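Chain nomenclature is as follows: A, B, C and D, assigned in order of appearance, with residue numbering initiated at 1 for each chain independently.
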Amino acid sequence: MKIGRSKWLAAIGVALLSVTAASGQTAEKGPWWPSPFGAQDQAGNSNYITPEKILTSLKLAKTGKIYELGHIYDAKMPAFGDRPYVLLTQPANEVTKADQEAVHTDYFTGFLGHMGTQFDGLGHMGRALKMPDGSYKAFFYNGYTEADLTGPKKGAGGVEKLGVEQIKPIITRGLLVDIAGYKGVATLDARYEVTLADVLGALKKEGLSEDSIQPGDAVLLNFGWAANWDNPSKYNDGHFWVGENKGSPGINHEVAKWMVSKKVSIVGADTCCVMMMPQPEGDAYNLHVDLLPYGVFLMENLDLRELAKDKAYEFLYLNLTERLRGATGSPVRPIAIR
Amino acid sequence: MKIGRSKWLAAIGVALLSVTAASGQTAEKGPWWPSPFGAQDQAGNSNYITPEKILTSLKLAKTGKIYELGHIYDAKMPAFGDRPYVLLTQPANEVTKADQEAVHTDYFTGFLGHMGTQFDGLGHMGRALKMPDGSYKAFFYNGYTEADLTGPKKGAGGVEKLGVEQIKPIITRGLLVDIAGYKGVATLDARYEVTLADVLGALKKEGLSEDSIQPGDAVLLNFGWAANWDNPSKYNDGHFWVGENKGSPGINHEVAKWMVSKKVSIVGADTCCVMMMPQPEGDAYNLHVDLLPYGVFLMENLDLRELAKDKAYEFLYLNLTERLRGATGSPVRPIAIR
Amino acid sequence: MKIGRSKWLAAIGVALLSVTAASGQTAEKGPWWPSPFGAQDQAGNSNYITPEKILTSLKLAKTGKIYELGHIYDAKMPAFGDRPYVLLTQPANEVTKADQEAVHTDYFTGFLGHMGTQFDGLGHMGRALKMPDGSYKAFFYNGYTEADLTGPKKGAGGVEKLGVEQIKPIITRGLLVDIAGYKGVATLDARYEVTLADVLGALKKEGLSEDSIQPGDAVLLNFGWAANWDNPSKYNDGHFWVGENKGSPGINHEVAKWMVSKKVSIVGADTCCVMMMPQPEGDAYNLHVDLLPYGVFLMENLDLRELAKDKAYEFLYLNLTERLRGATGSPVRPIAIR
Amino acid sequence: MKIGRSKWLAAIGVALLSVTAASGQTAEKGPWWPSPFGAQDQAGNSNYITPEKILTSLKLAKTGKIYELGHIYDAKMPAFGDRPYVLLTQPANEVTKADQEAVHTDYFTGFLGHMGTQFDGLGHMGRALKMPDGSYKAFFYNGYTEADLTGPKKGAGGVEKLGVEQIKPIITRGLLVDIAGYKGVATLDARYEVTLADVLGALKKEGLSEDSIQPGDAVLLNFGWAANWDNPSKYNDGHFWVGENKGSPGINHEVAKWMVSKKVSIVGADTCCVMMMPQPEGDAYNLHVDLLPYGVFLMENLDLRELAKDKAYEFLYLNLTERLRGATGSPVRPIAIR
């Protein structure tokens, strides 16, 4: 399972070349597959979270202090586009004798897993490659295709490969990269482009070297954007330029590719999309596909302000996705413990 | 926040008396309220999980081995009654240029939080008390009433008190009580009544004393029933006596009250309902209301077979409920680590 | 089943007095019950649509020309408040042999029956009366109470009385009252108050006398507001004063009461709410409760422009609500035929 | 729009040949397209319902007697397979002053349009044809393809062609073909195969000639099967051979093709599927594709017993599908009037 860093970077290099050229990929080999975890793997970089990794991560908790890194889910939260969220609890039955139970159950409908604090699974996005006949076709992590994911049942019951139920529990070392703190602001400007220099500068300011990042770590970037959560119009609900919406800050492709090279498990941020939204003009493609096809997950709509305030840069990070068969995203209650 | 055990038991004693008598409860004081955590508390026994408790619990992980204690959610799993579960993933967009993203999102509808591996929150069930005028009224944990929970909005958006978003992260010491192992069977008989003698006997066989149970611990009972999960007709889908359904084993009231006296955070089992189903003839009331009003949560439909096989009786237990505002239950990915 | 008009008006008079006084209503008798159709009736003024009424109405069709009076339902239509509407069709299975079927089915979630062109059933709204103890309690058509409607099951599966499945097929004489035409405009101003003088004036201009209105007729008012349908911001999606929203025109209480006195089956209009929205300052109560408790249905979000253009003032009107057990509203495809 | 019967039958003949041969179809011309209503038509045989047809049909009502031909929709009705149906009405708000409104709205989720009394639209099923390269591809009414229906949006928001919103109001002549009456039974046997001889024999017994069937007529077949509606296990809920389920009676291909030759608008029956279920062994393909691609709609799960009892063989038939954009089926309240 171990591959040297140089080999991996070489692989990435090939990948980056091939995704712009007609790439001659086959089912067995393409710019980003087979994965280092084998040709059948569906768990991506959660594989880096070995028992040893878990044990060393658990030791990062020194005081037992809990940080809730997610927002509470409700119907009023900012939604990306027009994704509905409805929770209905039926009032309880009447009671007519001592000790009788009064019962509530809840009915939920919505794009759970793609709303609020959300985890993007490997089935969420694939990336187009040119085919020998000149057409384009999307490939997902480990070379899985759309036909593999939604072929026979067309998505009824979820995808048939790369569902979030495949992901190992993410109990790992978390790192905060406080970009807002590095830039000396509470909240980055809308559409501030976070560069690799910003990331490396913030790490250095925090006393962390680039080399200290280990495979399987979760890297969370604080833009201070969670301050806008209660103002959906400003936060970014997918309706750009409507109301107070002026977009949101995010990382650029260089940062995303660097994350892949560091073999992190998760790149998280306190915005809808981790990347700048709307994408910069001239941006050739969605930054998500720098990450997901390469086995790196995203966590979106975090709230990292308390971690930043406490200068809590390294911590035990718990990110337990629900095992919903065939889902391409998951709700999560992300927790940091120091 | 600390109260002595004898005081607590006395309180319980009063409670048990008063729930059968006309009890003269008021908003301020009733058989099970105010809670030891204050009259406004909504977090129940998750309050026992202090930073110190978390730190000592994390140290229970010695090897980093992960045990998945839940089932994967899908539409075919046994459902209690007729609770639908639908997950639809739309097939991805076509791609027409290099590097373009192909995107999936999932639409979910169902009684999530009350299906499959599920956590019962404090809003799930209240318990009826006789009122001065001879009528009955349901009270929930800490004396909250149905009017507090579903009054103004009648449950639209969930309950307004005791929603699962109030519960602290349950990162605690887990204990397996292997009843099936104690009885020398792989799977208990349908409708086997698990007694306190069984629980104490199993603990003793495992080398654990009754006194070793600490406030905030999660106590998980293995009945071996998860072996029937793939056979919904037998497992118990709420359709008693239909097909192979002959009910399911469970604990009796004595065990439930003992759990309350031990101040555990969670009582879990590998059946739909933790209690025997259908309840024994003559059983006066639903066993859930021995637990939830007293601040003790339930975990249902676990799979504890691998823990039992490994004789893993004490472990770090992670139980992170989703913070769905107003929900009365939650899906969970319960994890044990040794 | 027949009662004289004067008797009915007298009954109304009593009703109007009693609803503002403490009214001494009982289960058997109140300001608007028992209904003229018996104390158990749940069909309201659809009862006026007798076989004779149907036969005479069918004869109003002279040319067979169809007018579609509803809007097409889709997710982009103006919604009142935040009512979601989601329709997902799974792409069809692959086919692998001659003549094999490729199948689509559709999954719908939403407030169907309360979105787009919609019919308000008698369970949709009740009206508060003062009780002997000084409290208030809502009564619905024929004196049914909230306990009758959502008592035992708390609305799971719909209401248990006054569901739309009780309503007889509305195949009746339709009348267009072209208020916009009478006022000489294409579209009434936002928040134009339509008075009884307007209604009588428009009828007169159309060559119809007040007395020509017969029990069971459906009276549809054209405000020209359907012209704004494709602009949800202006149309009135419940978000008053947001974007272009300046409210919408509607009838006042005097008109509603007159409609009751005329024993019409349906009052319809081309706005969200038939009444002015938001209600005029100082308006004591929601105009819907001038109609529904008295057995008169509402049709909302119609499109009456083509009828108005053709000066089609009298026609066969088809309004077949779906027989959804326990629903309080219904989608409808309203049709006029001349 | 008129084409001679012989020409149409010739076209059908070609079609039947070509669907078994590699058929050389093109976008412009195939075995069943272009339709007689033009190459762009999406309304199928509802086009036969012209203003003249409507006028003559309305005249069939002689007494104004209404027949409800559908079942009431609720969660307990027989469902085909595992299609959920959930209707939740939130209990009304409290009222605190005179005349205040108490409001209910309903939330619905389910396969509405494919449950209970249901109308199959032209987008519901396509039929496979062999392509020049030896592969198979589904074609729908008028040669529309799966790419036309669910191409760009993959079915989100429904199909983009052949949605039920395209269908003209079906206000037509209805004919009852009482097969059960002809066979002298109240209810046909499960899996009774209804032949063309049965249909012609029943028509003759009713005093109707084959030639009296006119384009646009709705032909409804009474099997007496509605008597089993309250017993979902027997009725046929798609779980064949489970419980009392022994399948259900239905027409064979010969009858379906004859219906196409008669240019009827709708073929309806009182079973789940109109055709025998499960299909006879050796049946090469689903009978639906004898009808839908040819522009003929299906109505399923009718209740025709009262019509049969009254020997009401000819009547005004109202079948107003909801205009749900992109839906492939629709709930309907089908009505006969004599």
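Note that in this section contacts are C-beta pairs under 8 Å (C-beta built on N, C-alpha and C of every residue); 3 or more make two chains touch, one makes a residue touch a chain.
What you see is a predicted model, and the numbers here were worked out from it, not measured in a lab.
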{"item": "Shared interface partners, meaning chains that touch chain C and chain D", "value": "A, B"}
{"item": "Residue-number overlap at the chain B/chain C interface, same or different (half cut)", "value": "same"}
{"item": "Chain pair, A-B or A-C, that carries the greater number of C-beta contacts", "value": "A-B"}
{"item": "Separation of chain A from chain C, taking each centre as the mean of its C-alpha atoms, in whole Å", "value": "47"}
{"item": "Between chain B and chain A, distance of the C-alpha-averaged centres to the nearest whole Å", "value": "30"}
{"item": "Sites on chain B at which at least two other chains make contact", "value": "75, 86, 88, 90-92, 107, 109, 150, 154-156"}
{"item": "Residue numbers on chain A that touch chain D, as the complex places them", "value": "86, 88, 90-91, 107, 109, 154-155"}
{"item": "Chain D residues within the chain B interface of the complex", "value": "75, 82, 84, 86, 90-94, 109, 151-156"}
{"item": "Residues of chain B that touch chain A when the two form their complex", "value": "19-20, 50-55, 58, 61-66, 68, 70-75, 83, 87-92, 95-114, 123-130, 136-138, 140, 146, 149-150, 154-159, 165, 168-169, 171, 284-286, 288-289, 316, 318, 320-329, 331-333, 335, 337"}
